[in-house]
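Below is one structure, written out as structure tokens, with a few remarks after it.
Labels run A, B, C and D following the written order; every chain starts at residue 1.
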Amino acid sequence: MVENLHGVFAALTTPFENGKIAIKHFWENIQKYNTCDLAGYVIAGSSGEAAYLTEEESVTLVKEALETSAPDKKIIVGSARESTASTIAFTKRMADLGIKAALIRTPSYFKSVMTSEALKNHYYAIADEARIPVIPYHIPQVTGISIEQKLVIDLSKHPNIVGIKDSSGNLPFLGEVLPNLPSDFSYLLGAGSVFLFGLSLGASGGILRLADVIPDLCATLYNDFLAGDWEKASKLQRDVIPLNNAIIQKYGIAGAKYAMDLLGYYGGPPRDPILPLEASGKREIEKILKSLNLIK
Amino acid sequence: MVENLHGVFAALTTPFENGKIAIKHFWENIQKYNTCDLAGYVIAGSSGEAAYLTEEESVTLVKEALETSAPDKKIIVGSARESTASTIAFTKRMADLGIKAALIRTPSYFKSVMTSEALKNHYYAIADEARIPVIPYHIPQVTGISIEQKLVIDLSKHPNIVGIKDSSGNLPFLGEVLPNLPSDFSYLLGAGSVFLFGLSLGASGGILRLADVIPDLCATLYNDFLAGDWEKASKLQRDVIPLNNAIIQKYGIAGAKYAMDLLGYYGGPPRDPILPLEASGKREIEKILKSLNLIK
Amino acid sequence: MVENLHGVFAALTTPFENGKIAIKHFWENIQKYNTCDLAGYVIAGSSGEAAYLTEEESVTLVKEALETSAPDKKIIVGSARESTASTIAFTKRMADLGIKAALIRTPSYFKSVMTSEALKNHYYAIADEARIPVIPYHIPQVTGISIEQKLVIDLSKHPNIVGIKDSSGNLPFLGEVLPNLPSDFSYLLGAGSVFLFGLSLGASGGILRLADVIPDLCATLYNDFLAGDWEKASKLQRDVIPLNNAIIQKYGIAGAKYAMDLLGYYGGPPRDPILPLEASGKREIEKILKSLNLIK
Amino acid sequence: MVENLHGVFAALTTPFENGKIAIKHFWENIQKYNTCDLAGYVIAGSSGEAAYLTEEESVTLVKEALETSAPDKKIIVGSARESTASTIAFTKRMADLGIKAALIRTPSYFKSVMTSEALKNHYYAIADEARIPVIPYHIPQVTGISIEQKLVIDLSKHPNIVGIKDSSGNLPFLGEVLPNLPSDFSYLLGAGSVFLFGLSLGASGGILRLADVIPDLCATLYNDFLAGDWEKASKLQRDVIPLNNAIIQKYGIAGAKYAMDLLGYYGGPPRDPILPLEASGKREIEKILKSLNLIK
């Protein structure tokens, strides 16, 4: 049984150089994140451009993360494939490496038949076989699959499904479903612009791209929340919204990586077909970081 | 110049009996709401089934509200029509009656040509002529029209556009646009499930259907926020989410009216084509009100 | 009992001059359309900017159309309001004037509760009271309401619901539902870009904005279809698609009215908030009409 | 240079038995399809559950198809990956095997940054490297990516992009863009319910799941079209719509495979997470096949 997952997880980006994984930069980034008050790292998630990684590249990243991470950081890996069997196979491989939990996006290719029953069967089969805790991942803006409250409740009853990551940003959904989940079920937010509000509704933590760029501020926000310092926390939440909007919807991964470059991490280029950030996007990211007093 | 609009406005429902407006019940409801710590009332808004009212029915309601409201309550009227000219005409009629401000939903029939430029022209023309303050109303889930941040900023520059009502529940949008608006521009939330969070991002108040059902709790939530008692406020926000979800999305007006009936207000039936609430919906509303200790 | 409605109906635009209805131009347009092989006219439909007309303006247009139309043209009126009662009242008023049938768009304001059951009750209540034949109108791109096949079949069973206008352009829907409808039930297409294909699947005719601009070509297309001259019909259908796309989605009513102006009808300006056509849009309309050899 | 692709391609399903590819059944199915008047086969497309296949499984299927297909059948392979580099790598591997062309779905994971420019770069990079003709694949209902007309025109200018598969079923789009494409550019429809109509607007053929179930009827439809026998063709198109709707949207792959089982092909079970067809779905498929006189 995994203990409840809480706090801020950084959804690590994958550093590329000339189209290849630049493992040295990955190592450097983790060294820096190790000094921050983060709960752990997610490898090969959306922010890691997992959709663009080969299986061996993912394995390389996971091994490096397991080796380099500070002992207090938990390693979670995005291990979803579209088919149930492939997801099980890759999740088992991850389990053998010794990771803490598997983050598994809803399958979505055949949308019209991805009913609650199909999704429940999928996750139960994985959780039965996986040998590590399983965390379903709800990200309807990417997958086109919106899960129902009843499905979350059903999933929470499987002993090996220990939580959910919810990037929908749908607080009315979260607020209604959460009181119906076991108290040790982890509800992890993916939407950095409403992180504080999700916490105040009972979420246990977040898996955030924002924590790649400003890990300390994310940790501060979480700690202010824990300390009951709402005024400070809500001011901080307000302040980081334009940055989060820029690195998620508006400029995506390319925006996040450029912000990382400006702040002393290695961001580097995204993989094709994502285009590199244009000059106007760079200027907007710079302007946002200046307004946060993070660069001059 | 209107002072900043803040606090909780109840978006009043319209009481019907045998298909006609039951003005006595409207009067009774307002008498009760007058004793609550509400900033005012919205007449002929979405919650008032304005789409189902004739112009004369709206006028009747507005006159009654102006007469019956306690002096400290501000009266706002939903005065949108699809055409610019009709909206101006009805808004002027409302101005003659002495209301505080006009709430004007985005036109939406010809979606593909409702560009930011068309909407700006529409609201500027209305605000030029209206003689009372104008509040554009953003409700994309009903209209299919999502406005852009730049449009809100442009609208805020007209001296007679004093605020916006935003029912999108889109907090990342609110959080990013609000710092770019004049400090005396009122940002009024329509999404009761995230009311507290919008306030903490700088919104000035809310126009809520929820305040028809539980006006005192809505006022308490707002006052707890003002007093900096975040713990109490966020617990209250969390507690009211299932009720708000039920009376907006799930059961709509029929659900709100049934909850009002249970709590001593006159809810009564909605107008056709809205169906009356079925037995299962009634039971769920009852269960929610019981869990809030509002009925036994 | 109305006979089956078939052939091409022009969904007439409403001529404005200085913001007022220009009844003389309406008369002139009808005089010209009277010489075409059209089945009739729809007054106060979407193309008539009905959303921007007062009730009295609609009545004025209907009276003029009844007087001016050639005896072989059927007059249908868009008589939808959001509430059941208002729709019945206006439809009865239209019945008193002597129109052939009422075209009634799905109500849509309270989307989340506009179930098939609510819509069936709505249309049955109207059809029971209306004293003239009723034609439900399906236009999901405007209303956000997609009706189900079963609802169409249920509606077709009411003796006073004589047909449907379907502007969805959804041919797989049409093709599957149509064999389940009574043979005297009229299926009228609203999507000019697939008019021929709908006919070939069994639709009886169309109510087309395109017929305001090129009534003769629309009639030719229909007659070629009836004559079994598929080659000519499909070439014509292909040729008119860019024009239809331009006057519906891309430039809307403003585009349609400009094309009418170029072709000897009175188009004139749309009402606010629709913006007049910009120069680039005018050039594109001109280019399309030139490629059809309709202007030089 | 590939000659223009025309006629009916069957988008082959992948036969599974106990979760493994049942290559014998694949062989049997192709033997049967070889006797039909089909232009060729698509391997590892959507209908082949490509999303659920490992790379080696895809290779196995392609090798078998190349060996078993009649010499007049062209083999096209779905070779899309999300990243440009992986797509190139797999497409080259396919080129080495000797296939005719690669069918490449739009990447879609990072929707908000999949601009026309990003997609153009993606396809140009692939087409530059692929050594076999490339066919972009537009399927917005699965990917959430709707391409613009201008992008199709831009793609058609690359000498190695020889056509497009369009499963949107959007005939107004097809009808407007097609006259702007080179005459030797192949436009292949994926929407079986409007196959005839796309052909009549100038499409060159189709890649159809429907052709897995009723290859002869699909070929007949195409040949009737070529022969100018519109009456027969349109009756056939009308007749097959309910079957096509059932095996695409309503019951998906599971429905298609069940229909294949009933008609003498090997359909078998889909892979998890797709659920097997329930009894009510089976009955509906049976009813549809009976109404087509394909089973008793």
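One rule holds for everything that comes next: a residue touches a chain if its C-beta (ideal position, glycine included) is under 8 Å from a C-beta of that chain, and two chains touch if they have at least 3 such contacts.
Just so it is clear, the structure is predicted and the values come from calculations on it, not from any experiment.
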item: Neighbouring chains shared between subunit B and subunit C, ordered by label; value: none
item: Same or different residue numbers at the subunit C/subunit D copy interface, by half rule; value: same
item: Winner on C-beta contact pairs when A-D is weighed against A-B; value: A-D
item: Where subunit B and subunit D are represented by their mean Cα positions, the distance between them in whole Å; value: 50
item: Separation of subunit A from subunit B, taking each centre as the mean of its C-alpha atoms, in whole Å; value: 36
item: Subunit D, residues touching no fewer than two other chains; value: none
item: Chain contact graph, described as a line, ring, star, complete graph or other shape; value: ring
item: Those chain pairs that satisfy the touch definition; value: A-B, A-D, B-C, C-D
item: Residue ranges of subunit C in contact with subunit B within the complex; value: 19, 46, 49, 51-52, 54, 82-86, 107, 109-115, 117-119, 121-122, 125, 141-142, 144, 248-254, 271-275
item: Complex contacts: residues of subunit B adjacent to subunit A; value: 169, 171-172, 175-176, 179, 191, 193-194, 196-197, 200-202, 228, 230-231, 234, 237-238, 241-242, 244-245
